[in-house]
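Below are structures written as C-alpha cells.
One chain, chain A, appears in both complexes that follow, with chain B as partner in the first and chain C in the second.
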Partner chain A sequence: MQNFALQRQVNQFRRIFQDPVLAIALLGVSLFVFILILLPLFSVIGESLSPKNAPLFQRYLTEPIYQNIILNTLVLGVLTAAVSTAVGFLFAFVQVKLDVPFKRLMHILALIPIISPPFAVATAIIVLFGRNGVITRGVFGVRFDIYGLFGLTLALSLSLFTVAYLTLRGMMQALDPALDEAATNLGAGKWRVFRTVTLPMLLPGIASAFLLVFVEAIADLGNPLVLGGNFEVLATRIYISIIGLYDTSSAAVFSLILLVPSLLVFILQNYIISRSNVVSVTGKPSGTPQYIHAPLVRWTLFGLCMAICLLIALIYGTIVLGAFVEVLGVNNNFTLRHFDFVLNGLGSKAMWDTTRLSIISTPVAGLLGMLIAFLVVRKEFFGRAALDFATMLGIAVPGTIIGIGFLLVFNTPTVWELPFFGPVTVLPKLTGGQAMFGGALAIVIVYVIRSVPTALRAGVAALTQIDPAIEEASVSLGADNARTFRRITLPLIRPALLASLIFAFARSMTTISAIVFLTTPQTRIMTQQILNEVENVRYGNAFAYCVILILIVLTAIGVLYLGVGSTTGAERAFQGGAR
Partner chain B sequence: MRKFYLSALAVCVVLLGVTAAALAQQKTLTVLCTPQEDWCVAMTQAFEAETGIKTSYVRLSSGEALARIRASKDAPEFSVWWGGPVDAFIAANEEGLLEPYQSPNAAALPDQYKDANGVWAGVYVGALGFCSNVNVLNELGVEPPTSWADLLDPRLKGNVAMAHPATSGTAFTTFWTIVTLEADKLEAAEAGKGYDADGMPTAAAVDKAFEYFAQLHQNVLQYTRSGAAPGTLAGRGEIGVAIIFSHDCTKLQVEGFKDVLTTTFPAEGTGYEIGGMALIKNAPEMEAAKLWFDWALTAKTQEIGPMVNSLQLPTNPDAAVSELSVKLAELTVVNYNFQAAGKSRNAIVERFEREIAPRPTN
Partner chain C sequence: MNEGQTVRLRLDHLTKIFPQRGGKGNVVAVDDVTLDIYSGEFITLLGPSGCGKTTTLRLIAGFELPNQGQILLEGQDITHQPPNKRDMALVFQNYALFPHLTVYRNVAYGLETRGLPARTIRERVGEVLALVGLEGLEDRRPNQLSGGQQQRVALARCLVMQPRILLFDEPLSNLDAKLRVQMRSEIHALQRRLHITSIYVTHDQTEAMALSDRIVVMNGGRIEQVGSPPEIYRCPSTRFVADFIGRANFLPIELTARQGETAAFHLLGQSLRAPLPASGAENLVAMLRPEALMLRDDPDLPQVQIIQTMYLGSEVEYVVQHEDQRLIVVEHDPRNRRIFAEGERAGVTFVPEAVHLLGDGA
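This part shows the complex of A and B:
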C-alpha cells in the first residue's frame, strides 16, 4: 500500500519533469520560497525550537497574562476576518447582482482602503472617533473610548475588506447564470437560489478571503500600536520583545505561536476548497446574468454599502484635510507647508525610490503568485500544500521578524557548500549600504514576498472556478504547459491577476515594519519617512506623505486597468463568447 | 496585453539600471541617527560642508537602531551612532558592539555627560516634564501637576499617558527617576537602605517604584510606542497629562499646539536624558567617524539643534543656549545614575511588562 503511494508520487514528479518548462518553474518557485522566505524566517524563528526555549513555551502557554494575549489575537483575527469577508461580500453582491446608482463610485471607494499607509487610518480614526473626536465628541458630545478591540476591528476591517471584495466580485461575475436560471425554473425563489446555489459556489472565495484577512489581521503591527490601548496582541508583543527588550528568543517563540492559528485556518480553507466543486467557467455558452429587483433587499443593501462608503470617504477625507491644515482638529488654518516639506525637503527622493522599487516588484509578485497558484491548483506533486503555506508565510509572519531575518542571512554573501562543486555563492550581500544596488534588491525582494500571498490566494480562488477541461483541451491540441499557461490560464484569470498587481503595488508602497531594517542612505523609503514624522509628532507632514502616496497608487491602478484590462475587457467577451 | 508586458519589462530593466548607476558611489561616512530627522539632515550637511567627506545617514529610533546594529555586527553598516538616550549605548556596549574612543574634545564636557572609558560621549541633554492640556484639565477641575504624586489623582483616571518603557527611552527614564527618588527616600530614613555599596538602588527601592507605577497604571490610558507620542495625545485632548521630555512639549507648542499645552515639572526632582554618541565596532571609515565624533562635541556644532527646533540642551558648556530651552540648572534634578539604569533596564522592563502593563484598570 505504502509502496503504491510512493510509486504514485514518483510518477507525479516524473510527469512534471517530462516538461522542462514546468520542471524549471517548479524548481524556481521552490528555490524562491526556500532561500528568500524560509531561510530568513528560520534564522530568527529556528532558534525558538532549541530545547533551552522549552521553558519559554511553557510559560507563554500557561500563564494567564500570555494566554490572554493569545486569546486577544485570535478574537481580533476571527472578528476582523468575519467582518471583512461579510463587507467584501456585500460590496461584491451589490456590484454584480443589483441595479443601483453610484456603482462606479462605490467600486472606487471600495478600492481606496488597499492604500493604507501605516498609521494613517488609525490616526484618522482617532481624529474622528477618539475621545476628543470630531464626530464622537463634536457631533454627539461623548467621550468615546475607541482604543481596544472595537477600534482595532474597525481599522483593520476597513483596510482589509477590499481583498475579500475583489476576490468575490471576480468570482460572482464568473458565475454561470445558467445555474441560477435552472434553479429558478425548478421553482426556487431568489432567496433559495442565493442560499443553495450562489453561496455554495462562492464558498472557496469566501474561505480564501477569510484566510487571507485572518492571517494579515493577526500579524498587523501598525494598528495595534496606535489603537490597541491596553488590548495586547502577539504582534505588538513580538515587536516589543525585539525593539524594547532586545530579546530575540522570546520574539521567536511568540512568532511560532502566532503561526499556529494561521496554519489551522489554512488547513480548514484547503479542506473547504477540496470538498466543493465550484467550476463555473467551462467555456460553454451561458445565459445572461439577472439582477435582483426586490426593493427591500435592493435598497437595504444599497444603504448599507453607502454607509460604509461614507465612512471610507470620511477617513480618507480626514487624511487629505490633515495634510492641508496646520494641526488637524486643533489649529485648522490652511497651509501648504507640509507639502513644501515633503516635496522640496527630505521626501522627494524617498518618493522616487519607493515608487521605482514598487514598480519593479509588482509584476514579479503578480506573475509569481499566478504561477504558484497554477502549480498548486492544477498540478499534483508531493509537498503541494507545503509550498502553498510556505508562500503564505510572507504575510503570516510579522514584518519585524522578516526584516531581522533578512539582515541576519543576507548581510554577508550567501555561500553554500555543495558536494562536487565546493563553495558556491548563491547570493551576494544584499543588505546594507555596500550591498548590491545599495540594498535596493533586498527591499524589492521583501516587497515581493509580502505581496505574493495575496496574489496566490486570488489566483487559487479564480482557478478553482475554471474547468480544467479548457486547459486539457489546449494541451491535447498540442500546446505545451508554458503555452497553455500563457495563452489560456493567464487570460482566464486576468481579473485575479489585475487584482494581485494592484495589491502588490499598494502593498509594496505601504510596507513598513520589515523595511525599517533594510533602508540605507542610498535607498530611502516613504513609509519610513512617514514613521519618522509620526514619531516626531508632525502629523501634518505624515498626512502629506500619505496623500502623495495615495495619488501614486491611484495613478498606478489606472495604468494597470488600462494595461491589463478590466473585467469588462476581452475575457468577458471570451467567457460569454456565444452570448 | 503582450505589448504591455514587454513595455513593463523594459521599464523595470531601465529602472534597475538607473538605480544601479546612481549607486556606483564613492566612499561615504554613514551615520546612524536617532533624533529628529531635520537635525540629522542639518548635521550631515554641515559636516560634509566643513570636511568635504561625503556623509549620509539612516534615521532609526533607538531600539530599532540597537536591533539593527546587533543583527549586522559581522559586517557593520554604520560607522558612528549619533543621538538617542545613552541607556541604549550602555546596553550596546555590554554586548561588545561599540568601539571606545577618547576624543580630545571630550575634555570640555562635564564628567557626568561622558563615559569615563570613552565608550560614549553626550551630545545633548533633556529633562522630563509634564505636558498638560489646559482645556482638558480645566474640564476635570485639576491643576497642572507639580509633583509625581499629583499624577495619582483619581480625577485623572484614563487621562495620563506615557510611553512604554520597553519601546521608549523616555519612559524608561521616567521609571528610573522614580526608582532614584524612592532610593533617596529610603536612604534618608536609614543609610544603606536605598543604595547598596556600589551605588546601585536597592531591590526595595525598585519595589517601591513598581508600587508607584501600579497606582499610576490606573490613570494611564495607553503606553505609547514612541517617547514623544503622549504629547500629541495631550495636544489633541485625548488625555490630560503626558509624561514626556520637556523639549518635546516645547516643540509641540512651536508646531501648532501653542495655547493648548503647558509644561510643568515635579518639585521633588525630575529625571533627564543624555543624548549619546559612539563609534561602532569593526565599522568602515573609522578615521572619518572619529573626525565626526570630535566635531560633534564642539560648541559650534551643538548650536545646530535649535536652528531646526530641536531644543535639547548642549553638553558643551561653551555652546549658546536657545531661550526656548529648559535650563537644566534651574530645575531640581535627581541624581541619575546612567550606568546603574542601563544595568537594570532589561530586568525592569520585563517586570513592567509582566506586572504593570497587563493589569486590568478598574
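This part shows the complex of A and C:
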C-alpha cells in the first residue's frame, strides 16, 4: 500500500502541472514565501546562532540587566493581553448580549485603532496624562510619570483590544442560541447559563484573543519607543542595536530571544483555534439571541463600556485638537502650521511616498492572499499546510525581526557564479544606500508580507463557505483553473477581498516596526516621520501627520468600497454566510 | 440490444484508493471496475451510499485520478486528461449554479469559455432554455428560482455544451417527492429525444428503473450486475442485487435434480424447474418478489399466519409467518378480493414463472 501514497502525490502534481497557470501560481507563491518570508527569517536565526555570537547569548540570558529586558517584555505582553482581552470581551458582550443605546457608536470607536497610526495613542496619552499633562497637571495639578509599564499597558491595550473584540464578537454571534435556550429550558438562570454554557463555549476564543494580543504586544516597537522611558523591551533593544549601534549581531541575538515566545504562542493559538470548531458547527444561528435584561448587569457593563469609549474619544479628540493648536496645553492658539508642514513642507514627501507604496502593495497583498487561500483550500499538493503556515509567519514574526532579516539578505546583492553564464544576480540589493528603487521595493514587499496573512485567513474563511461543486461545475464546463478563479471564485469571495484590501492598506499606512530599518533618504515613510517628530517633542506635527494619515485611510476605504463592491450579487443565496 | 452499437466510453479495470481520513490505511472506493458505455444509451450507476458510484462518476469526469486502470473516450485514452478538457458535462447534486450570475450567464458560461461568437451563444442558450422551459427567466439569479427551476438551469447549462457524455450526480435528490417524479419524467423525455449518452448516479432504484437503458448495480466498489431494468429486477445475479432492487423473499428449496443448466425442485408444495444461477453455487434458494406470492382461502395450500396487514390503496401489503420465516406478500388491486386480517391464517401460493434461483451465500 506504500506505493499508493506515493502514486497519490505523483497524481496530485500531475494534476497541477497539467494546468500551466496553476503551476506558475503555485511556483510563484512558493518562491514568494521562500525568498521573502523564510529566507530573511532563517538569516536572522542563522546569524544569531553563528558561533561567534555564543558569548552574546550567554550575556543576554544571564546578566540581570538583560534578564530584566526579557522579563519586561513578557510582563508587558501578559498585562496587555489580559487588559485587552477583558476590554474586548466587555465590548463584545455589550454588542451581542445587551440591549443598550449607542451600540453602533461603541462599535465604531472600537474599530478606530485599526486605522490609527502607532504613536498616536501613546503621544496623546503623554499630552493628556504625562508630567505636563493636560489632565494630570492641568486638572489635578500632579506631575504624574506616565512613562513605563502603566502607560505602555494603557496605550497598547487601547490599540490592541480591537483584536480581542473582533475575535470574541464573532464567536459570540456564532454561538447557537439554542444552547442558551436549552439550558434555560432546563431551569438554569441567566447567570448560571453564562457560567456553565456561554463561558465554556467561549473559552477557546478568549484564549485565542489573549494569545493574539500577546504576540502583537511583545512585538510592538512604536509604543515602547515613545512611552517606555526606562522600561526597556526586546523590540526597543533590537531597534537601538541597529539604529544606534549598527550592531547586527546583538540585534540578531535579541531577535531570536523575542522570536521564540512569539512563535510558540502563535503555534499555541493556532492549535487552540483549530480545535475549537465546536463553537460554530451549524454555521448560522438558529434561534434569536436573547438579550440580558437584569438592570444591574446591564447598566454596570454599559457604564464601563461608555467610560472606555469616552477615554478613546478623549484620546482621538486630543490628536485632532493637537494638530490644530500650537502646543496643546501650553499654547492653545489655533494654527494650521502643522498641516502646512505635512502637506506642503518637509513632511509632504513622506505622505506621498507612503500613500503610493501602500497603493501598490494593497492589491498585491489582497489578491495574493486570495490566491494562496484558493490553493490551500481547494487544491491538494504536498506542502499545503506548510505554505499556509509559512505565509502566516509574515505576521507572527515581530516586524523588527523581518526588518533585520531583510537587511541581512538584501543589503548586498546575491550573485551566483554560473558556468557559461558568468555572474548572475539572483537577488538584487533592496535595502540601504543605492538600493533598487531607493529602497521602495523592499518596503512594498514588507507591506505585502505583513498584510497577506490577514487576507489569507479571510479568504480561507470565505472559501470554506462556498460549495466546491460550484468551482467544479465551472471546470466541468471547460474553464481552466485561472478562468474559474477569476470568473467564479473571486466574485464569490468579494466581501473577503474587500476586507483584506482595507486591512492591507490600513496596515501598510500604519506599520512601523517592519520598515523602520528599511527607509532610505530617497524613500520616506510617514510612521517614521511621526516617530521623528515625537522624539523631537514636536507633537503638533506628529498629530497633524496622524490626522492626515487617518484621512487617507478613510478615503481609501471609501474608494475600495465603491471600486471593489462589498457584495457578490448572490447575497440571498449566501445570507449571512459570506461574512 | 447492445450488439452493433459503438462504445462511447470504456472503463478498463479502474481502481481508486483513498487514504483513510485521519488514520493509517486505505479505502478502496472503486475496485477493478470494467464497463463499456454505448453511444446514445442512458446508463445508471446504482448502489447504496459508499458503493463507489459517485467516485466512479468523478473518475469519468476527471475530478479524481484512478490509481489503476484506464478511461477511454471513443478509443482515446483520457485517463489523465484534466476535467476541463474532457468533452463531458456534469449535473451536480446541489445544482452548483453560479450564484452571482443570471440564468442566462450561467447557461452561457461554458460557451463563453470556448470563445464562441456572442451571436452563436445567444442562439444556443435561447434554444436550450426553450427546451427546458425556462424562457423569460433569463435575467433571474439562481436564488430567485424554485428548486425545480434551478435543476433545469443546471441541466440546460450542460445540454448547451452538446457534450459527448452527460453526467448526472444524484441530480434529483434535493427535490421534494412530487417534483422529483416530474423532473424524472422530463429528463427521460429529453434524453430519449436528444439521444445524449448519459451516465446517471443514484441510490434510488425507482429512479434508476424509470430512466435507464441499462443499470449498473454497485456494492463495495465493485460491479455486482449490469443489465436492463427488467433483467435486473427479474433475474438478479446476487442476493445483494435482489435485495437492493425492490424487495425479495428468499425461500429454501428441496433440490431433486440438476440437469445441465436447469434444476428440478420442490417449493411450497409444488414441483417445478428453473435455470440454475450462472455462478454454479451449491446451495440454492428461490427468490420470489412480493407480488409473485398470493394468499388464498384454501386449506390445501401451505398455511401461513398473517402478522401485519397494510392497506395502501392500489395494493395490500402483508407480512406473513411461514414456518420459521417471515415473507412479504403484495396483492395488487385488492378491490375484488377479501383482505385478510391480522392473526388470520391463509394458504400461500405463487406464480411459477417468477421463481428465480440464486446461490445461497452470494
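Operating definition for what follows: the second predicted complex is superposed on the first by the 333 of 579 C-alpha atoms of A that agree within 3 Å, B and C clash if a C-alpha of one lies under 4 Å from a C-alpha of the other, contacts with A are read in each partner's own complex, and residues count from 1 in each chain.
Operating definition for what follows: a contact is a pair of C-beta atoms (placed from the backbone, for glycine too) under 8 Å apart; a residue touches a chain by one contact, two chains touch by 3 or more.
Everything numeric in this text was worked out from a predicted model, so none of it was measured.
In the superposed pair of complexes, A:D467 makes contact with chain C only, with no contact to chain B. Look at A:G46: by the touch rule set out above, it reaches neither chain B nor chain C.
Within the superposed three-chain model, A:V564 lies in touch with chain B and out of touch with chain C [touch as defined at top].
A simple residue count on chain A separates chain B from chain C, and the partner touching more is B. By the touch criterion defined above, A:P177 reaches neither chain B nor chain C.
Common to the chain B-facing and chain C-facing surfaces of chain A are residues 491, 570.
Chain contact summary for the complex, chain A toward chain C: residues 1, 4-5, 7-8, 11, 14-15, 18-19, 467, 469-470, 472-480, 483, 487-488, 491-492, 568-570, 572-574. Across the complex, chain A is touched by residues 1, 4-5, 8-9, 11-12, 15-16, 18-20, 22-23, 25, 28, 30, 36-38, 41, 56-61, 63-64, 66-68, 70-72, 74-75, 77, 91, 136, 158, 164-168, 221-222, 225-226, 228-229, 231-232, 235-239, 248, 251-252, 255-257, 260, 284, 346, 349-350, 353-354, 357-358, 361 of chain B.
Contacts from chain A toward chain B in the complex involve residues 65, 68-69, 126-127, 130-132, 145, 147, 225-226, 228-230, 232, 239-240, 242-247, 326-327, 329-331, 346, 353, 356-357, 359-360, 363, 404, 407-408, 411-412, 429, 431-434, 437-438, 440, 491, 516-517, 519-523, 528-529, 532-540, 563-565, 570. If you check the complex, the residues on chain C that touch chain A are 17, 19, 25-26, 61, 63, 65, 67, 80, 82-85, 88-90, 92-94, 96-101, 109-110, 113-114, 141-144, 157-158, 161, 167.
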